[in-house]
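Here it is: the structure, laid out below.
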Amino acid sequence: MSQFNRIKQEAYEANMLLPKLNLVIFTFGNVSAADRSLGVFAIKPSGVPYDQLSAEKMVIVDFDGKIVEGHFRPSSDTKTHAVLYKHWENIGGISHTHSTYATAWAQSQRDIPIFGTTHADHNTVDIPCAPPMTDEMISGNYEYETGFQIMDCLREKNLSPADLEMILVGNHAPFTWGKNAEKAVYNSAVLENIAQMALLTEQINPNAPRLKDSLIKKHFERKHGPDSYYGQ
Amino acid sequence: MSQFNRIKQEAYEANMLLPKLNLVIFTFGNVSAADRSLGVFAIKPSGVPYDQLSAEKMVIVDFDGKIVEGHFRPSSDTKTHAVLYKHWENIGGISHTHSTYATAWAQSQRDIPIFGTTHADHNTVDIPCAPPMTDEMISGNYEYETGFQIMDCLREKNLSPADLEMILVGNHAPFTWGKNAEKAVYNSAVLENIAQMALLTEQINPNAPRLKDSLIKKHFERKHGPDSYYGQ
Amino acid sequence: MSQFNRIKQEAYEANMLLPKLNLVIFTFGNVSAADRSLGVFAIKPSGVPYDQLSAEKMVIVDFDGKIVEGHFRPSSDTKTHAVLYKHWENIGGISHTHSTYATAWAQSQRDIPIFGTTHADHNTVDIPCAPPMTDEMISGNYEYETGFQIMDCLREKNLSPADLEMILVGNHAPFTWGKNAEKAVYNSAVLENIAQMALLTEQINPNAPRLKDSLIKKHFERKHGPDSYYGQ
Amino acid sequence: MSQFNRIKQEAYEANMLLPKLNLVIFTFGNVSAADRSLGVFAIKPSGVPYDQLSAEKMVIVDFDGKIVEGHFRPSSDTKTHAVLYKHWENIGGISHTHSTYATAWAQSQRDIPIFGTTHADHNTVDIPCAPPMTDEMISGNYEYETGFQIMDCLREKNLSPADLEMILVGNHAPFTWGKNAEKAVYNSAVLENIAQMALLTEQINPNAPRLKDSLIKKHFERKHGPDSYYGQ
């Protein structure tokens, strides 16, 4: 029995949530789960339909993107996952989808404004859209550079991956992360929901104001602050 | 056997309607059911996923927001429910969701215009959007103040909670109520439907007129007036 | 065994299609089926949820709107159905819904332009929106007048109920009809589909042209003309 | 046992994917599967509901549109399929739907701009919208001419059917193709997804830029180029 069984199972279950939550069609998404003590992560094999997945088919990769175990080629976005795990030491799961509304915001190359408490329940800033990469980065080690593009975008805004667990990559689609794979997928679904409501808000009122600071603070802290009183 | 079993069961069943009617994702909603003779209500425990709910897990709270019975922490919005039960003596259920279209109207800080008979079948006025609270109210007893914000909004419009069983809280999301928990959830679903159709109406015709008074009166009265002829 | 069993069963089955086709929430719709030889129609009882319907609960009404058989009060829109059956001798079923997109067009008080062949497969004209009635008609015999409003709208456009099996009633919602109840419901679903695509078409291209006459003619005739070659 | 059993089964299964993927209501679509060695294709019978289909009911037609075997009349769009199979020697399946967003773009008579990598994963150009045909073509051999309209549109853009497996026919709806029937249906679903995201992108940002060339090239080649690394 493989020492990687725990993260294979975790990655498998989290990947299966994507179609269940209507976040992907066909194979347009991938989720990974990391084992920090072993320095590896389990990720979806590339191009395998969700109804043919199993925990055994997950591919084990280290944080430099090298395959450690598995009979399949890993997701084509594997290097992006590897870069983020290597540099962000406290995350345990990453999810990438082409969910409809979040992807439309990424294609529009706009940050998603913070319009309401649904957004503030999860973070305190506009969801940033990282700009498309330079032609050199794209034609070079593309998926690897995507990881750095994501990290640079957060760094420029003085945000840590704990402050904000979701981002849009311009012209591409969203990436989300969290303490484990299930939380990363949860964040994918929350982002899709926020993205749809933000577009509708602007359609209802093109001058809709950003959420006021006091309300951002209140909602975030009641869920995440030292005196939080949400959940059990 | 607890004397609260009836409202625990009622609150449980009404909460389970939220995902069934596509009004929530994850734990983004809560419903309560009141027992007027006992002076308490049963409400969803905070942050517990719908597929792990049971009637036994409902929390019993009095109209001052004090926990009377239950092993779980109640919904973070419990004080809003308590305030409304305390001051509106004829309501028996309250529902709070972050349903997509109603929340988008709340975020846009606009009242929902009465455009058609679907709306007039349920009430005779634009659905009001209560303005965001002051910073003092927000940083103070926030959920308690949300209840007063809702009541003040109705009072200023000379509306009773029987005239109108639904409201938007600016930047936040909708609250609905009714004679019992099931009716409150019904109103959440109706509001979501009205909210979607109102946005579409404005998109089809930016100059769409409000419903004329005679038609508002007719449709409301055929369902709710002394000579109503809708239903059995 | 009642002589009305055939139309009770037909009306029951057609009513049950409404939630299956996502054309109604709760009780926001009603379908009827006529028996021309007996001069009556079977219609949904008012306000009864679809999951509690049965063929036995259908109400039998004559073409003047008088109840002939049944333990329940018929749909509040019964008189509209009666008027249409009485004056349009070749229709055998009527369907009324508050489906989202068709209702939004009705609320916007605009005809639905004929933009494509999906529309032309079913009729050759813009779907008309009958204007809201006068205050006198509304405060008088409202549902009865709604039937005349529908007939007048077709008459003014020189259309017979065979030319066009669907209409919007301004500020209210769509009515559709056909040779039987199932066909009437089919038309409700087609209208909802056309209504959604027409709004999207205008959003993609505000100057989208109406379908050209030759294409309208071709598509309608290949399905409905003397030399039709659609279907078996 | 018929020598056509393989393509009948293939066409049947691919047709059944259309309702499963929410690409059709009622009978608004048809898929065919070709057998190049026999010079025929199997196609859906006209107007038969999907829940009454079976492999046996598929109709066998040659590349001139002549029926070879079958008890039913073939799809009214059969000649369009025949023309494409006859002239495009490397395709093995064709799918035609009236899916909501793709059809709205066809009705708007606009090409779908390439805004993101979801689009570039499948092809490198804006999805063209073939202009509506002349009145002569429409009143003449309409479905046959539709095939030529599609081919002409690709030829004018110097595109082969391998470069681009999807197109919009102005005022009508999309056609897609591929190496087999399943791939053609896959392309129908991808096109619908791209069509929805493109509209949303323009709504979020009316000045959203087209995807840059380096990113188009990268995403297409990682899936389809000689050094592709997507899939197994």
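We call the chains A, B, C and D, going by the order they appear; numbering starts again at 1 in every chain.
Everything that follows uses one rule, which is that a contact is a pair of C-beta atoms (placed from the backbone, for glycine too) under 8 Å apart; a residue touches a chain by one contact, two chains touch by 3 or more.
These numbers come from a predicted model, not from an experiment.
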Interface residue identity across copies chain C, chain D - same or different by half: different
Distance from the mean Cα position of chain C to that of chain A, given in whole angstrom: 46
Centroid distance [mean C-alpha coordinates] between chain C and chain B, Å: 33
Residues of chain B engaged with two or more neighbouring chains: 203
Topology of the chain contact graph, where touching chains are joined (line, ring, star, complete, other): ring
Chain-chain contacts as defined at top: A-B, A-D, B-C, C-D
For the chain A and chain B complex, residues of the former touching the latter: 21, 115-118, 186, 189-190, 193, 196-198, 200-201, 203-205, 208-209, 211-212, 214-215, 217-218, 222-223, 229-232
In the complex with chain B, residue positions of chain C that touch it: 25-26, 28, 45-48, 72-73, 76, 98, 100-101, 103-110, 132-133, 135, 138-139, 142, 171-173, 199, 202-203
